[in-house]
Structures are given as structure tokens and as C-alpha cells.
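Notes follow once the structure below has been shown.
Going by the order they are written in, the chains are A, B, C and D; count residues from 1 in each one.
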Amino acid sequence: MEGQIKRIGVLTGGGDCPGLNAVIRAVVKTAIRRYNLEVIGIIDGFYGLVNDIMEPMTEEKVAGILHRGGTILGTTNRDNPFRYAVEKEGQLTFEDRSEQCIENLRRRGIDGLVVIGGDGSLSIGLEFHKKGIPVVGVPKTIDNDLSATDVTFGFDSAVTTATEALDRLHTTAESHHRIMILEVMGRYAGWIALYSGVAGGADVILIPEIPFDLAKVCDHIRARAEKGRKFSIVVIAEGAKEMGGEMVVQKMVAQSHDPVRLGGIGQSIGQKLEMCTGMETRVTVLGHVQRGGSPTAQDRILSTRYGSAAVDAVMEGKFGHMVALRTPKILAVPLQEAVGTAKQVNPDGQIVKAAKSVGISFGD
Amino acid sequence: MEGQIKRIGVLTGGGDCPGLNAVIRAVVKTAIRRYNLEVIGIIDGFYGLVNDIMEPMTEEKVAGILHRGGTILGTTNRDNPFRYAVEKEGQLTFEDRSEQCIENLRRRGIDGLVVIGGDGSLSIGLEFHKKGIPVVGVPKTIDNDLSATDVTFGFDSAVTTATEALDRLHTTAESHHRIMILEVMGRYAGWIALYSGVAGGADVILIPEIPFDLAKVCDHIRARAEKGRKFSIVVIAEGAKEMGGEMVVQKMVAQSHDPVRLGGIGQSIGQKLEMCTGMETRVTVLGHVQRGGSPTAQDRILSTRYGSAAVDAVMEGKFGHMVALRTPKILAVPLQEAVGTAKQVNPDGQIVKAAKSVGISFGD
Amino acid sequence: MEGQIKRIGVLTGGGDCPGLNAVIRAVVKTAIRRYNLEVIGIIDGFYGLVNDIMEPMTEEKVAGILHRGGTILGTTNRDNPFRYAVEKEGQLTFEDRSEQCIENLRRRGIDGLVVIGGDGSLSIGLEFHKKGIPVVGVPKTIDNDLSATDVTFGFDSAVTTATEALDRLHTTAESHHRIMILEVMGRYAGWIALYSGVAGGADVILIPEIPFDLAKVCDHIRARAEKGRKFSIVVIAEGAKEMGGEMVVQKMVAQSHDPVRLGGIGQSIGQKLEMCTGMETRVTVLGHVQRGGSPTAQDRILSTRYGSAAVDAVMEGKFGHMVALRTPKILAVPLQEAVGTAKQVNPDGQIVKAAKSVGISFGD
Amino acid sequence: MEGQIKRIGVLTGGGDCPGLNAVIRAVVKTAIRRYNLEVIGIIDGFYGLVNDIMEPMTEEKVAGILHRGGTILGTTNRDNPFRYAVEKEGQLTFEDRSEQCIENLRRRGIDGLVVIGGDGSLSIGLEFHKKGIPVVGVPKTIDNDLSATDVTFGFDSAVTTATEALDRLHTTAESHHRIMILEVMGRYAGWIALYSGVAGGADVILIPEIPFDLAKVCDHIRARAEKGRKFSIVVIAEGAKEMGGEMVVQKMVAQSHDPVRLGGIGQSIGQKLEMCTGMETRVTVLGHVQRGGSPTAQDRILSTRYGSAAVDAVMEGKFGHMVALRTPKILAVPLQEAVGTAKQVNPDGQIVKAAKSVGISFGD
């Protein structure tokens, strides 16, 4: 099999994520140096695949990008070839353009396709695999909510960014005897909130997996104040849910998906906490700052390993698979297992237990 | 005169600011080591002065705080002894408690008072000076809008934090072909927006001093897109003003002062830009992250110089003065000159001109 | 069993390591909050155990230390109670003071001892365990060379510091067409060099586990220059070995252990590379910068989990054990398995293979 | 005059320095956008000028380089066209190639030359100016030892890097009760040592401008230890001088200029301090890490202003001048005034006085 592969394609799909360039670099270098392949870069994710916007990749093109955020290939998080938005006579309709993609790949002689993406992009990759395209996936998401891998690349960088913000808020909270709220990403899973909250010394962490009781949060903050700790740091995942109040909060979260709208849940909880504690409260919404910037050392290593292993997987014919970290090894696991279900924080797991042991409240 | 001073007090007033601890440390060390004085720390700013909450400072207490954000003395940005809020029979009334402060200082034998604060705190300091209290000021504000000094401490740190956020947004904007908006502090002066915008490679900077025309901002972003730069970074000071539309924007800004309310102007402009350019837009509101965290090297040096010079000024009897940087020297200047008028960005000055030369639009 | 434990001790031994304070904090908080124990801090590692220098720990004492480097308990990397250096009549002799330690622990009513340390300190802990002291270990070393755990705390921080240095050297190497050498810690294992080298985009990585041939290193650098990459970044672990030249290099390394002597191997290889390539070469020896500073987010989380789990292990009576990360779980493993053999880089493992795939030479 | 200038050249000379790319970017953008000029980039400094290695610059080429260390134009710190090293029949001789440079500039129609460099490169620039070449200089050096400007770009970044190293060493020094020595750049001027020492909370700073008495340094460290501060941080500029011992130390410094030789003065003083205090001592030599990496926000702003003002100066015909910061303005000052004499730290100036006030010893 190995001998037959001559040319592979690579694309990045979905939201921006620190480490994308490091993966691209490793794919290109491994393909050229180890296997003597040609590599075609597909521009702007599946949009480029549909519209045949591609260019040959060289070692020169990936020089110096290891530490850079973003993706030199570009990405979109809208375009799905199987349900491709087309404007016709002023109407937006959806068409299946997957055959066009397959045709583009065939015409260019691409024998293997590396899809770097999260749940959405990898699901599209799986559909292409089922139609006979030799796809290998690389698990990307700052949210870390992909099953089948210990961790996704980009997560450590997002946690680091949020932790730095918490370090900064800490000193200000303490000086002013205030409640400081940091709203971080995480609609369906609270990994960023949990990890940055533990690392940043938060007093309260609110995540989708553990519906919270606002009265308990207030009690916790007041109890701290009575013991002389007259400030509190609260980290809130954008998908956090109030007990018995899911409907209301969900609506708020839905709004916060709207491009420029801000601060659904952080602002809402902030107002309530200010009322029930009588303490001044301030809210920061980190937003896309979490998606950008230079990846951490750990993410650069993981990205390099993923990218390199993805090409190995292509050469071993492991199509329909995704590279995954099963510490300390990188394995190839079926995409089928990886997509469709979000990996969530275990409310009874060790990390939540440790967090509670050091005095963090989850409002439960 | 010098021989008569035995004991000085020090307080921090107003909003949190990186470098406060470095100033406190320098005041305490200089007073003890160079002049053999006693130092009394006044807790929580003017609140502690009114209520006589003070404690003796030692070198031990200021060990290891040079690089730490916040203030070990605590601060509030509400309490004005000359107009002190008191609740009486359920009613909030304002009383003059300045005599009580003076009595507290006299009873404790405090011969000199170092007030570390911004325009508000220094104005209070000036009032006390006029009543005979030997006050020396230290100019603090992340906004850099104090007259009479080249720069305030805390400003470089705030600019650095905002610049780091811009670095992160840059890669994401580029990967996604988006408009990324960063709303930074600055109600009356656009220094943080201007400096971080230039340092962070912004494409548009909107500041209070240069009312903007939204149509010109849209044109600028569209012109970039046509030249192949399909993303734009926009930095907005919270006090930015639309030409001829001040009233509306002002109202929005007013709301954003409300404790937990967020994203007045950033969100508002973001929605308009998305409409007029048709490009996806995302907004980040940095908020109090700008006030916290470890001060930059430059701010630690400036703070150390200010703190040390403030004690020198006390010993030289320069009361009613504020230490100020007139590069390369630290001088003592009358508080009267320093307070009352905000130092604003000169729309025709060199920095704005240089920013325009490298292609930044101010929407004018 | 659990009901009987009332008071535990905690000490930090060996070289400084980012995350020590985070472990101490988690031990103290978990013990007090979850189990209502008393905690005694033993000062300056085993030195304090021998000399009975201890103090009660409170939540107050560990407030605000999560993000701080160093250890509030102090540490030494010399004192072994089983072979304790004593000066007698001008002669240095070694005595067994372990009984004195045991007596100190008994008299103070310490029912469990948490030893935070590397191979040396944990070996001492194991010896105490064999003498009946209820010891639980926490695996600490920036070198990551402890068996039985996926990773030690402090390692990620050291890698991050070295990677930041490489990022800085990169731009300078490129501008000047130079060879830049960074010597990092790692006498017996090359983990820091390997990880930071991959993360920092090194061209050559030299580690103890893969003896290098200097001629091959020169060839690699020259080949790069011929392809237009007129600079190279070389990361060298202090214990790197030249093929067939171990004796000489060993001697050099031995010297570099000498307190203030510097740059054994980095300098030696630098001179040789300059000669064989004709390219200007510069050497940086990071030294103890790698041991200090605020721990990364990942290390703070790991340290918090370790510290909390160590107290759990004490309460579960798992003495003679060490907490260890077996991703994603923290387990207790016998100290016997953990100490004595260094965990080394596998020359044929996945990470080295990935590093070679992206073009890094190990000189083999 | 302005109308006649059509094409300018730009080169970077001397050692690498954070901010070089930011200056280049500002020169190119200002020339193209504001004045509609062509810009020619001269590769590898004066080497490229002699050998006519040049290429046209576009806005595209300088996109995304604002925050990047190094120089996209390359640099050398050896090549002087007026004394150009040539190998002839195995002998190294020096020739004057300045006419060749002038011819290259004329043939390419370059009407103005922006030289970005330190004392050496600007002196060459001045010589060319005297021969009729229209030169404008931009003051670059991490050492900040250029007269005629308040500050050079690159200095703040170098200070920041050294301060970060000190922050890391601090925690380790404290945990281990050690003396930690950091050797930083600065052969003739101690600016980096002074500023980073003040910012990093050093206990001792040794600089060329203040010859030190080792006995006084030992006394200071011992006095600290007696007061319970059992560690000390010592920052040493590579050109620091012992009182009455200049000859010896000078020799050592001279050796440290040798490409790969390391740790002249830091190591030497470390050994002596270890002996006289009996405290463990460790030495770090930061080396070229100080020259690399992303420039600070302040340096990016200053670089942008310098680059833009340099083109303004060209258009105003201010040849033989250098742009300089006279806070808050950028002016053009005669190169004659700027070169030849190093700006040194004033031993009796305010910053040294403030440093002493907070307890820092200079060994005098």
C-alpha cells in the first residue's frame, strides 16, 4: 500500500486553535522528509475543497510557523460540503457538494487527506471516508471535548491564556474586595473552566456538567468574606447551567453564540451575585483571545506528534481513523468512536474532587 | 525641617493598578533605610484614614511584593473624606469627615502623608494639603491621563496586557478572515487604545480624542479586504465617540460604567461593522484584566523611583506636590497643576501621525 | 484507620522546582478542609526533620502561594538523615540521625509524613517507611526522570522556560546566520532537551540516551546551510555524550556540577561546531532559571492533584507509596518501584521518531 | 527637495536587537503609503551594501513582522565598508570598499539611506554622509549606551528578558538560601544590569561605571543573612570592574568576547563570593537570549515611531542626522553628536540613588 501513495492533502477546519500551524508543519515535513510525498494545502478548510482552492506545500512554506498561532491554510467554521450553503435567486439553500470535492481530490491525484479539526470537521471527514476518500483525522479543539483522545491540541494553550487572566484578576479582586468573574469558552463541556479555575486559584467554578444552585454560590462567597477573604474569583463556562433553570440559561447561552453579542451568562450571574452578596462585581469575557496566540510548549509538542503520526497513519492505510493520545502513546482510533459524543467533565471524578478538597465550590 | 519628621503615612486610593506594591515597598524601604523614619500603612485608602484603620509597616512586610500586582494596603475607589457616604435611617447622606482624618493623623503623630492615586485621590490629597496636612502625591493610573508627568505608573503594564491580547486576536482574525474588536479602558483619554493599537498592529484605533465616522472605518476595512488582507483588528477605547453621535454613544458608555454591565461601545460598533462590511465580527472586552497582574519591568522601575522620590520630597518639605517624571528626571510638581484636567492624546501629534503613516485608521 | 490520624507533616526536599508551593497548599487545604487534620510544616527539608525545625501550617499561610515558584518551607539538596554530615574537630563525618528524626515525629504526634521530592528524597522517604514511619511521596523533579509516573510536576514549567529561551535565540540565530547553542538541565535523562527542542524548533538535540557523533552534527548543520537555512539551533542536555568519547565528556560534565562552574558541555561542543562548520557560534547556559518562576497552568493543576491525593493516600493508609499520574488517573504506587532507576528517553520511541520526521538530528 | 526623492534604501547593522523588524516595517509602510516612494532592502547590513545584495521591499513583505524578533533583512556585526576584510593569497587584508557602496547606491538610484544600527553602524553611516551619501540613522542597541537619545529601541525588551530571569532566580534563591548571580550584557555601560536589577529586586548590582569592592559586596550579603534574608540576588554587567583590579577583570572580559567562551566575570565573582560568604552560589549567563524574542509593547511603539520619523527626516533632507527620542518628541539630531561616546550610568544620578534607597548595594 505504502508505495502507492504519492500525494496527500491537508486542511484545517472549524474554529481557530493554537497549534494548527505546528500540525501543518509536521504533516508537511514528515510527508516530504520521511516518505518523499507531495503535499497539497487546501485553503480555508472545506470551502477550498469544494471550490478547488489548493496549493502545493513546501518545507520553505512551513519554516518558522511552529510557534505561530492561527493557520497558514486558513479555516472557516461554516462550510460543510454535504450541506453547502448556496445563494440562489436571493434565497439561501443547502446543496450536497461532496461529489465535487471527491472529483477535485481525484483530479489532483490526492491519495490521502489529513483533516485537522474538531467534532464537526471530523464528522465531515468520516462521511467522506464512507464515500471512499482516504481520510485521517487530527483532533483539534480548545474545548478538549473530543472523545477517544486523552487531550486535544490547543486545550493547554487556552487553559494557559485563561489562567493568566485569572492571575491578573486575582490581585485586583484582593485589592478591591470584589467578586471577579471570568467567562471562558465551553458550551457543552467545562474543561477550560475547570482547569483554568484550579490553576488560577478560583473560588467558584461553574460548568455545564454540574448544574449550580446560585444560593450555594452566594453562601460560599459570603463564608469566605466572613473568614476575612473579602474577595472571590468565579470562573464560568459559557454553557454553565443553573439547577432547574436550564431553559432560561440556555436561551442566554444561545444569544451568546450570536457573533458580536457578549456576556450572556457571565453578566447575568454577575448581577445576581452582586445582589445576593452586596459585593462589587466585575465581569471579563475572554472571547477569542482564548483561540489565538502562540501555542504552549506542550501544545507544540503534541501538535508535532499528531501531525507526524497522521502521515504515518496515511502510509499505514489507517483511513477513517484519527490520531489520538493514549498517554504516553499516539494511536490511530476509528473516527466513528471519536465523533458524535462530547467528552464531558466527570462530576465525581478525581479533578473535581481535588478542586473541592482545596476549597473550590461548584455550586452543587 | 528634615530633622523634625519622624513618622509618615502611606495610602493607596482609587482603582487597582500594577506597580502599587512596588511604590509602597520603595516608600517603606526609603523611609526606614535612608531616613530612619517610621511608616504607617493606612488600610483601604481614604476609608482607613476616616476610620483610623492603620498599621505600622516594616521592611519584612514589603519583602517580596515588588513584582506583585494589587496593593497590600487595599484600596477603594468610592470613599472621599470630604464627601463621605453615610447611611442614616435608611437614607444615604454625604458628610465631611476630613477633620476626623486630620485628627487621626495628628493623634498618631504622622508628619507626612504619601497619597498614591489618580486624579480623584490626588484631588483629595490637595484638599488635605490646603487644610495643612503635609501631603506628597504619587501619580497612578493605567489610563495615563494625568497632566504634569510624562507617564504614570501602571500604564505600561496595561498597554502590555492589551498588546498581548491583540497578538492573540491577530492570528485568529487572519485565519478566519474576521473583524476582531478589542475594547480597552479609557473613558476620557485613548492612551491605552493608541499605544496597544500601535504595538499590536491594529488596523483601526478609535479613541475619545478623535471622533470617528463609521463609514470611514468600514471603507478602510473594505479597502484592506480588496487588497487581500481579509481581516481587520479594531481597538476601541471605552470612551470612543462617533462624529455627531456623541449623545448616543455617551449613553452607552454611561451604562458600561455600571458594575457588571459589559461591552457598551465595542458591541455596538461590532454590530454596525458586521452589517456594513458583511464580515464576521467578534468582540472581546478586556475589563479588569488590564488592572491586574505583575507590573512590567518598566513599571517596577518607575514605581520604585516614584516611591523613593516621594519620601525624598517629604523630607525636603515639598508638601502639596506630586512626584512626576520629566524624562530623565523625577521632579516634584505642584498638585494644583497635576489635577483637574485630563491629559489627552493630541490628534495632530507625532504618535497619531506615525500610526497613520503605517496605515492605521482613526476613522477621521 | 482513618479516624486515628490527627496530624501530618509535610516537607520539600532536593532541588527547587516550580509547583512545590502548589503541592504544599493542596496538602494543607485538603488535610484541614476535607479531613480536619492538623498539618506541621517541616522547614528546609530533611535538615528540619533532623533538627526539629517545624511549624504548624494554616490555610492562611498557604493563601496566595499557588502561582508562586519556590517553596515556603525551604529545601536543601544535601541533608540525608541516614548519612548526615557533621563537623567534628575540623573533620567532616557522616552520622545516622534517622532515629532522631523518628523521635521528633513521634514527640510531635505526627501520624503521617508527606515527602515531596525527587529520587533522592523519595529514597530517604522509603528508608523511613521501612523503619515504620508512615510516609507518602509526591514525585517532584524538573528532569522528569522518575519512573512509575507519566510525568513529574515541574517538568512542564522547565520545558516552557527552555522553549521561551529557544524562541528568543531563534530570531537571533536567523538574523545573524549563526549556530546558537542552549545548554539545559538533564544529567541522566534528556527529557527537557527533547521536549524543549521539539517545542522550540531546534535543528539538533543532544541527549544522554543517544550518544552523538560530532561529524554527523556538523554534516546536518552544513546541509541546512547549503539549502539556504544559514543558521542552526542546538539544544544540549548537560549529560549528553559523544559516541566513544564518554570518558572525556563525563569529566566535563562532572565539572559542571561544581557550584559556580559553567558551561562544560555546551561550551565544549560549541567550540568544536564552530571549527567544523566555520559558522559563528554562541552558547547560553540556562542554569537555575529552569528551576524557578511561576509554574505553568498544567503544573499547578498536577501539583494540586498530587498534593490532594497524597493526603487521601495518607488517610487510606497507603504508606510507602507515592502518588503517580497514570493518565488520566492519579494512583498510589509503591515507592520501591519509583526510586532507584531513572526513566530515560527511549531512542526508538515515538517522540524521537516524530522529532526525526520533522528534520531534527540527534547526531546518531 | 522632497519631490526629488524617489527611492530609499534601508539596512540593519550590528548585533541583533528586538524591534529591528518593527523599524523596517515602519520605514517601508511610511515610505510607500505616505510618500509614495520605492524602498530597497539591503541584505545582511553593510555586507549587502558592498556586494550589492538588495531587493525591493513591499508592504506584503513587512506584513506580520511587527512583533517578531530579529531582522528580515539580516545583519552582520563585522563588515565595515571602509575597512573591509578580504582574503588575498591566504592573508587577511583590509580594503576601503566605500566607493563600491556609493556606486551601488547610485546605480540603483537610491536617494536616501536609512541605517538602523548602534554606535558602530551609525559611525559608518556618518562616514558615508561625509562622502555625500544622504544618510539618516535610527538608534539601535539593547545596551542603551547611545548618546543623544533618551532611549534606544531594544533596551526595554532586553531589560524585560533579564527581569524575567531574575524573577525565576528569586524563588530558587529564597528556597535554597543561595546566592544567585545573573550575568547580563553591558561591556561599557551598565544600563541593562541597573534597570533589570531594580525591576527584579536584586540585592547587589555591579556595573562598569561603579568599580566595586568585593569585601563590601560580601559584607552586604552577610548582613542580609544575619537579618534573616538568607539569600541574595546579584546582577553583574559583563563589563563590571573591581576597584583597583581593572586590569585583571578587563582581561577576563576580553576573553568573554570570544565567541563561545562563557561566564568570565560572573563565574569569577561567583567563586569569590562563595568563598567569602560560605553560601552556595549559582551563576546564569543569559547571553544572546537578551537579543532575541518578540519586542515589548514599548519597543514596538518606539521602533514604529523611529522608523516612520526616519522617512520623514529623509523627506525633509535631514541627512547626517539620527532620529532620537527627546521625550515626548522624536527629533533629528546630528549623527556627529550621537556617535563616539557611550552614554553611561551616572553613579550619582537619581536611579542609582533610588536603588540604594531600597537597599541595593553597588559594592562601592
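Details
Throughout what follows, a residue touches a chain if its C-beta (ideal position, glycine included) is under 8 Å from a C-beta of that chain, and two chains touch if they have at least 3 such contacts.
On a predicted model such as this, the values are computed, not experimentally measured, just so you know.
When each chain is reduced to the average of its Cα atoms, B sits farthest from chain C. Chain B and chain C have Cα centroids separated by 41 Å. Chain centres here are Cα means. That of chain C falls 35 Å from that of chain D. Each chain gets a centre from the mean of its Cα atoms; for chain A and chain C, those two points are 31 Å apart.
For chain D, residues touching at least two other chains, in rising order: 167, 174, 294. Arrangement of the chains shown, judged by which pairs touch: one closed cycle in which each chain has exactly two touching partners. By the document's touch criterion, interfaces exist between A-B, A-C, B-D, C-D. By the touch rule above, chain D contacts chain B in their complex via residues 25-26, 29-30, 33-34, 59, 63-64, 66-67, 150, 156, 159-160, 163, 167, 174, 195-196, 198-201, 229, 294, 296-298, 300-301, 304-305, 308-309, 311, 327-330, 350-351, 353-359. Remark: chain B residues 12, 15-16, 20, 44, 68-71, 74-77, 161, 164-165, 167-177, 180-181, 259-263, 266-267, 270-271, 274, 280-294 touch chain A in the complex.
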